[in-house]
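Labels A, B, C and D are assigned to the chains in the order they are written; within every chain, residues are numbered from 1.
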Amino acid sequence: MSVSSIAGIAGAMLVGLGLYGFIVSPQLLRKVLAFSVLGSGVFLLFGVVARRGAGAGFHADPVPQALVITGIVVAFAASAIAVALILRLYAETGGVTLDPDAWSKDRGQSQE
Amino acid sequence: MTHILYLAAGFILLTVAAGLVRVLYGPGEVDRMMAVQLLGTGGIAALLLAASASGVAGVEDAALGLALLAAFASIAFVNSASSDSDPDGARDG
Amino acid sequence: MTFYRALDLSLALLVVGIAAWTVLSRDLFGAVVGYVAYGLLLAIVWVRLLAPDVALTEAAIGGGATGVLIIAAGSRLRSMQTSEPGDTANGIQKALAAALSALVAIALAAVMLLLPEPAPTLAPQAAGGLEAAGLGNPVTATLMVYRGFDTMLEKAVLVLAVVGVWSIGPDRFWGGAPAPLGRTRPKRALVFLAQMIAPLGVLIGLHIFWVSADEPGGAFQGGAILAAMWIIVMIARLADPPRVGSRALRLALVSGPAVFVIVALLGPFLGGSFLSYPPGFVKPVILFVEAFMLLSIAAAIPLLIAGPPLRSPRP
Amino acid sequence: MTLALDIFSLLAIAAGAFFFLAGTVALLRFPDSLSRLHALTKADNLGLGLVVLGLLPRADGPLAAMKLVILWGLVQLSSGAVAQMIGAALRRREAAR
């Protein structure tokens, strides 16, 4: 088992975990968190590809690394928009969940 | 010497990571934050040791960034956790 | 060597374990605490993969800023302490989701284990940019020379994201300021810490930007640290988020992509092609562009966390 | 001379690692939050401090050494202030009960 295989398997598991949380979690903020975990798993796979592509006198292939750096920033920007949407949903409806029962229950009360 | 430095880095990292069990059991929010705070400091120590052992340039700068940002997360936690309503039923004491 | 394998394996297990906690934890606060710890550990994994540039970005943006974003949202929703709504998915749905996720994970793991040998690499092409630019850090060279177009568009994405967040706010507040991040009466220890750490952090952020030509670091990482310092200052209520109508703020925000586009358009007139840098001045021009990118990033990240305007534009 | 410095490094780093271990054990075993906080600050200050002390002779050049010391000072500052805030939060909760 090399570093690359260990990190590759870990990255794949992170993607799986993030995907599961994204599907199952009823709370929207939790979905954002799960999606971030999924994203970081994908980035880790890029890291493995970069590590394996060491050459031209570098420790690792700089191209996937640079892509991951831009990717992390874009993923953060997307999360920020998602959170802003969630907060607006809360302000409009008083609910922050996709659970249909909880949503209709919340909507009656607390119109802050 | 290199091996010993790596060993120390691994030991410290795994030790403070064991402290993360506190995140599982809590009971209060502050206990969880403490575990993350300890992980942050331990992670910085491990990075410094690994930087010294490997000689890869810039790992100290990563540790420096980590030092700033660990504080950043703790501040945000304390700020939100100690908000005026504090009804988390901590069972300590 | 088995010793290092054992270290790597335990680190990987730790990261996956804390990710599982983040995803499966019962309350939001526990999940966010887990996520921040996850970000810290992931930064160490990146160092292990010999990518200190990525480690810095992950620690700053992946763990730090995303964590603060969710914490701030959670305390605004006041749902940190309230109980979660019950799981909507029933047993069968959960099992299906688990099966799908496991399938995806296994397929990806198989792909990662069956990657071609020898590994394809773009390192030689990126190295070309390195020599032409006189830069010592291959990642900076890739970001600014070899894949400069991606970086330019990415800056535009960041500005668009800020515009997107702003436009989600209610119409009547357009041009006003976002809600304050901290409490009305911040603790004195927090104010003290913000006053002490912010100048130091700005210095470190600029240092990380400045060394990026030759060592790990860069406009992204330096900008993220500057952004974190601004957020600490806002949490301590030493300064509140600015009005989104402010011209200086908007100029700072667009300066990064704007300067990048202008330099790219000047390329053909200076004897090169679109996005080429004037020969002989490659390094100074790259630093010039990066300085404005730093400003843009340092402005955009706190604005993304502060959220849409929620105060009337006229005081 | 290098041998002496290496031994110094080893001793300091081992002591630092011990404080991290002690801090973790305390975090897991101590019965209430305030004593856990007390133990945590020891690990933060002394653990990292001793590791930095041990690495100082190995730093290449005075600038690198200064960076290490600044890093330690930074962690001191933030962990001190955060511990103070955590303590205040705990006290308020006690008072509320």
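To be clear about the criterion, a residue touches a chain if its C-beta (ideal position, glycine included) is under 8 Å from a C-beta of that chain, and two chains touch if they have at least 3 such contacts.
Keep in mind it's a predicted model, so treat the numbers as computed, not measured.
Path length between chain B and chain D in the chain contact graph, taken as the least number of steps between touching chains: 1.
For chain pairs B-C and A-C, the one joined by more C-beta pairs in contact is A-C.
For the pair chain A and chain B, the distance between C-alpha centroids works out to 22 Å. Centroid to centroid, with C-alpha atoms defining each point, chain A and chain C lie 13 Å apart.
For this pair, chain A with chain D, the centres built from the Cα atoms lie 32 Å apart. Residues of chain C found to touch two or more other chains are 48, 50, 53, 74, 187, 190, 193, 197.
Each of the following residues of chain A touches two or more other chains: 59.
Counting partners per residue, chain B has 33, 35, 56, 64, 68, 70-71, 75, 78, 81-82 as the residues that reach two or more other chains. By the definition given earlier, chain contacts exist for A-C, B-C, B-D, C-D. Residues 70, 74, 77-78, 81-82, 84-85, 88 of chain D are the ones that touch chain C when the two sit in their complex. For chain D in complex with chain B, the residues that touch the partner chain are 6, 9-10, 13-14, 16-17, 20-21, 23-24, 27-28, 31-33, 36-37, 40, 43-44, 47-48, 51-52, 55, 58-59, 64, 67-68, 70-71, 74-75, 77-79, 82, 85-86, 88-90, 92-94, 96. Put simply, chain B touches chain D in their complex at residues 1, 4-5, 8, 11-12, 15-16, 18-19, 21-22, 28, 30-31, 33-35, 37-38, 41-42, 44-45, 48-49, 52, 60, 63-64, 67-68, 70-71, 74-75, 78, 81-82, 86, 90, 92-93. Remark: chain A residues 1, 3-21, 23-27, 29-30, 32-34, 36-37, 40-41, 43-45, 47-63, 65-70, 72-81, 83-88, 90-91, 96-102 touch chain C in the complex.
Residues of chain B that touch chain C in their complex: 3, 6-7, 10, 13-14, 17, 20, 23-24, 26, 29, 32-33, 35-36, 39-40, 43, 46-47, 50, 56-59, 61-62, 64-66, 68-73, 75-85, 87-88.
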